[in-house]
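Worksheet: the structure to be examined is printed underneath.
The chains carry the letters A, B, C and D, assigned in the order they are written, with residues numbered from 1 in each.
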Amino acid sequence: MTTERRTFASDNFAGIHPDVLTAIAEANGGHATAYGADPVTAEAIRVFRQHFGETAEVFLAFNGTGANVVGLQSLLRPFEAVICAEGAHINVDECGAPERFLGSKLIAVATPDGKLTPDLVEAAAMGTGDEHHVQPRVVSITQSTEVGTCYSVDEVAAIGAWAHDRGMWLHLDGARLSNAAASLGVGLGAFGSQVGVDVLSYGGTKNGAMGAEAVVSFLPADTSSLRFIRKQSMQLASKMRFVSAQFVALLSGDLWKTNAEHANAMAQRLAAGVSQVPGIRLAYPVETNGVFAVLPSAVTAAVQREFPFYVWDEATGVVRWMASFDTTEQDVDDFVALVTQTMGEYRE
Amino acid sequence: MTTERRTFASDNFAGIHPDVLTAIAEANGGHATAYGADPVTAEAIRVFRQHFGETAEVFLAFNGTGANVVGLQSLLRPFEAVICAEGAHINVDECGAPERFLGSKLIAVATPDGKLTPDLVEAAAMGTGDEHHVQPRVVSITQSTEVGTCYSVDEVAAIGAWAHDRGMWLHLDGARLSNAAASLGVGLGAFGSQVGVDVLSYGGTKNGAMGAEAVVSFLPADTSSLRFIRKQSMQLASKMRFVSAQFVALLSGDLWKTNAEHANAMAQRLAAGVSQVPGIRLAYPVETNGVFAVLPSAVTAAVQREFPFYVWDEATGVVRWMASFDTTEQDVDDFVALVTQTMGEYRE
Amino acid sequence: MTTERRTFASDNFAGIHPDVLTAIAEANGGHATAYGADPVTAEAIRVFRQHFGETAEVFLAFNGTGANVVGLQSLLRPFEAVICAEGAHINVDECGAPERFLGSKLIAVATPDGKLTPDLVEAAAMGTGDEHHVQPRVVSITQSTEVGTCYSVDEVAAIGAWAHDRGMWLHLDGARLSNAAASLGVGLGAFGSQVGVDVLSYGGTKNGAMGAEAVVSFLPADTSSLRFIRKQSMQLASKMRFVSAQFVALLSGDLWKTNAEHANAMAQRLAAGVSQVPGIRLAYPVETNGVFAVLPSAVTAAVQREFPFYVWDEATGVVRWMASFDTTEQDVDDFVALVTQTMGEYRE
Amino acid sequence: MTTERRTFASDNFAGIHPDVLTAIAEANGGHATAYGADPVTAEAIRVFRQHFGETAEVFLAFNGTGANVVGLQSLLRPFEAVICAEGAHINVDECGAPERFLGSKLIAVATPDGKLTPDLVEAAAMGTGDEHHVQPRVVSITQSTEVGTCYSVDEVAAIGAWAHDRGMWLHLDGARLSNAAASLGVGLGAFGSQVGVDVLSYGGTKNGAMGAEAVVSFLPADTSSLRFIRKQSMQLASKMRFVSAQFVALLSGDLWKTNAEHANAMAQRLAAGVSQVPGIRLAYPVETNGVFAVLPSAVTAAVQREFPFYVWDEATGVVRWMASFDTTEQDVDDFVALVTQTMGEYRE
């Protein structure tokens, strides 16, 4: 039923990495206590702490929107606001779930490359102490960003310091944190508490899981509320061991990194290939597993007829191509060849 | 990691039925469009419609709380209220998710056996037209109920007629609808639109899935809003094909029924066994896969040391034992023997 | 336009006490800073603190529902619940505003006389620590109650101690706190922090104001959040001096007490009168300004044709008669005469 | 207690127009049915309909934030969004009440002069039909705008037509609608259903009332839900006759217009005066009762020491001066003289 060809439409179009599926199958012996009080979940939490440190509290969730909303809710009262990039997933791709469930306003900031900076955030953090205004309380960044760029460790730390100086929190949407860490050659924990991240979402799904996301909290106290927030936010799995097993597969060894490095490398190969094509321009630096390019719309349409992918910005003609853990060199080369040929026909 | 013994604690403690796991693995070839626009999901919707009719709109979700909240939200504005049984899952086991996300009040009605009736609902449906009161708009019933009882088809139809006469909707929480249908010897569709059900939650998880629930809507119009409600309610799976595959496995043949009939039969065997034990009394008729019995608390505690299970009501000493698709006759017989022996020691 | 006769339908049917109206007019000289940073509001807060102590934080609001929701919101996260009496205003007369805006469940407890007790609350405070259940966090009582009864100071203190022992808060809906205090011969401050009340709503409207309610908080810290909660909850008046002036008129001298004592006395006169009538029975002790009586429905209907009032409970035939600050002895005597005569005709 | 000097800080700093206070006093005879079923409220609705037509449904409310939230709630489901100007009161001055209570996202659009246009709205109305995006459903405009500019009747009609062509609604925040209508020489009804406005907030408070706002709905059906929305949104006054009396005073004759014309004229006088001062520049056309000027910050600070007013934009040095119904020519002339002198000293 699923013989679709591999494309560059989304890293969500890929399936389950074989090792993850095996882990699910292996977790399927006998009964296990529901809702997370099982040994597989205990093991998953243990391996998370190997990456993020012993103080990390871990709450598995179903999807990225759920993980973001649950994590943010632990940091916010409804009159407090989140400052985020205009293109942040929480701002444009979650159908308003944050506003709906947090009750909070998102203050969206235009960015040149998907990345916030202390200066950008400073300009948006207005109205503190004025009861007519929402009170800025959380800065939320995405690592890697929605346009494939990557904060350096120091850049995250600078935003963390800025936030903590003002009594604010730093939230990190890490739906593709693996890709960022692999790209920078650092561990996942490089983006934890030591750079001032207070709560993060860690995404397994785009990295080869079937569906597994996590909220990781470094708050010194009261993380117990996260248990209730997760349940009330409809993100508590009954047969949680099967979510947990996916993380054990990804995080107990190097699978998370291998998958991310491979996807990143395929994006580099793709970027290198299309960069050779006259008339095509990369819209953002290719730092992780996404390639954003500017194409003539006729070329876009022609290529889409064979390989589906998304137009990122109708107005500017930017398109998005995502590499996955299962993308092959041949996939890339075939696609580059198609783009090259189509572009050539267009320019004649 | 998961060598726990099979118990009667919950049908959520069971794992994945082998056929369901196989279906997940088979759906794992190549890429597939995310968020449900894939052939496996199309197939899942097709098999749902074989059961519930061609007018059924189907929206897969992660868990039962999510399915209930999504379905109810399609029926309610925040000043409108839900009438439900006091012991309803939405009222006592969802950490307030309905109030939180619907904004609506639940009006809880005491019942003798977990089942609402038109008379019980009538008494609770007050304040219509009075702006100081919430406006009753939905009746929500659970089939089978949280105490293992079962509405007959006519009983559901009577509540549906009552509701529609008053311009209200009927919602059905079918987390264990399979068990009810199997018990009554009817199809799943017997609890759809022809008995006045407007929206239902259908549960795959307790029936052998890894984690798969669905909202099925029979509303004549505007079900398109459910797409947005599901996404905003954090219940939209990116790699949805793997949720869908579970339903295809359960619903395309008789697996849903086989699993349910088996669990029901094991509950009957358990009920028959413990009914022989002097001093033990069944609290509710055993009509599906749950056995509710009244035990002395010392006996409860002694048995729990070997087989974990939940006390349903501390005050009355009622305990809950649930049979699963994978419960064996030997499991039942061992458990009955243990209860018999413990009770005997207690009475000496 | 407003020549309606004085009735016993509600203490909200009365108008503005002349001294309150004068205070509004006197506050109308020149300009004043909006939103409460004006001298009249400073004076109102000063007189509130004369009653409730210097640690009281005071936030004026428009109406009772608003004051209740604002106060409760300062005490609750959405997964936490409020335990209240079944007949509490927050439970049945606010169109679900608490659930809608707090996101929290109300756990309603049946009471014989509108009053909670530690035992009643204990029985309802279930599920602590269980993530599937809402977490009881606030007990809310109404003083005087919706059926005209009154907690003694010790009774409130007992509930306060119970709540604080469990890390819970005590909220008091004091829409008619003046009537209770006048009835018991104590000051308003008798129901403040020294009996364990953490946040209360104080009602001026039913006591002779045009429309003036207040949230009084005794929380040791973080009451600053109440400023934002009030604004976000749409309860911040721009020309606040005119709300404040009403409280200055009521609370700077004895007007609050005079008005309450008078209304209470008129209720006593009415209760004494109707108690003489064969076939009429008081439903609750008359302890403040409300009289609840059981009448034959034919008598109720006949009397309502001349004097409108509300049937409190259709099923039991209980009706409600409320006395106001402007009720006269003649009003009472005329009404008693009418009831007596109608009852007599009915019994012939 | 209120001997503050008249300033140009805000039209909310002014008190109650004498005729409005008289109307409140006159409404204070005897009892009246609470919550709006009284003759004064009936009269208020009648006079509203004289302005806005017989199909207008009118719901009085306490304040502008409340009126906006109630009105918008009648038009929106939580996954639907509101497009508004970046500086709209709902976006920046209501402490997030819209997001909190509607659950909906506000999509804020930068404007040169506070006014939306079909082109501006078109560019912001993205993602229709895509379940990952909120669905644009309401355009909300402010008349007159927060920077004192005014939509022409045709400009409003163009936005109304744009919205209705797309199945969207047009909401108008008319906190200062009187000033706009007076400025344009049209009736209030010019901004009703015939130009495509579906729901509007009408403000009495800034026009001389003590505190009186209204939601006016032109929806063809289901406005009955507004009764419940208003109550649940904590905006239903018990002694409503005193809110209603204010509107009767303003709207039954020409008081609304006289007050607005006067305030507008004083703003023109002020604008004319400061325009003569070298080094001062008007930031926006002065079309109603607000004057926005660019001053050196040292001048701003010096003038504020004698006459408080608000800096509108720290970055650009824009300040806001508002004229009220009670502003005198002498007030204006004194203020212009002060500004002139201070500016002169600054430039030396």
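By definition in this document, a contact is a pair of C-beta atoms (placed from the backbone, for glycine too) under 8 Å apart; a residue touches a chain by one contact, two chains touch by 3 or more.
Worth saying up front: this structure is predicted, and the values here are computed from it rather than measured.
Homomeric contact chain B/chain D: same residue numbering on both sides for over half of the interface positions. In this assembly, B is the chain whose CA centroid lies farthest from the centroid of chain D.
Centre-to-centre spacing of chain A and chain B amounts to 33 Å, using the average Cα coordinate of each chain.
Computed centre separation for the pair chain B/chain D is 50 angstrom, with centres defined by C-alpha atoms.
Separating the CA-averaged centres of chain A and chain D is a span of 42 Å. Within chain A, residues 35, 78-79, 94-96, 100, 103, 131-132, 228, 231-232, 236 each touch two or more of the remaining chains. Residues 35, 77-79, 103, 131-132, 135, 225, 227-232, 236 of chain B touch chain D in their complex.
Put simply, chain A touches chain D in their complex at residues 78-79, 81, 92-96, 99-100, 103-106, 127, 131-134.
Within the complex, the chain A residues that touch chain B are 1-7, 9-10, 12-16, 21, 24-35, 38-40, 43, 62-66, 69, 94-97, 100-101, 205-206, 210-211, 228, 231-239, 241-243, 308, 324.
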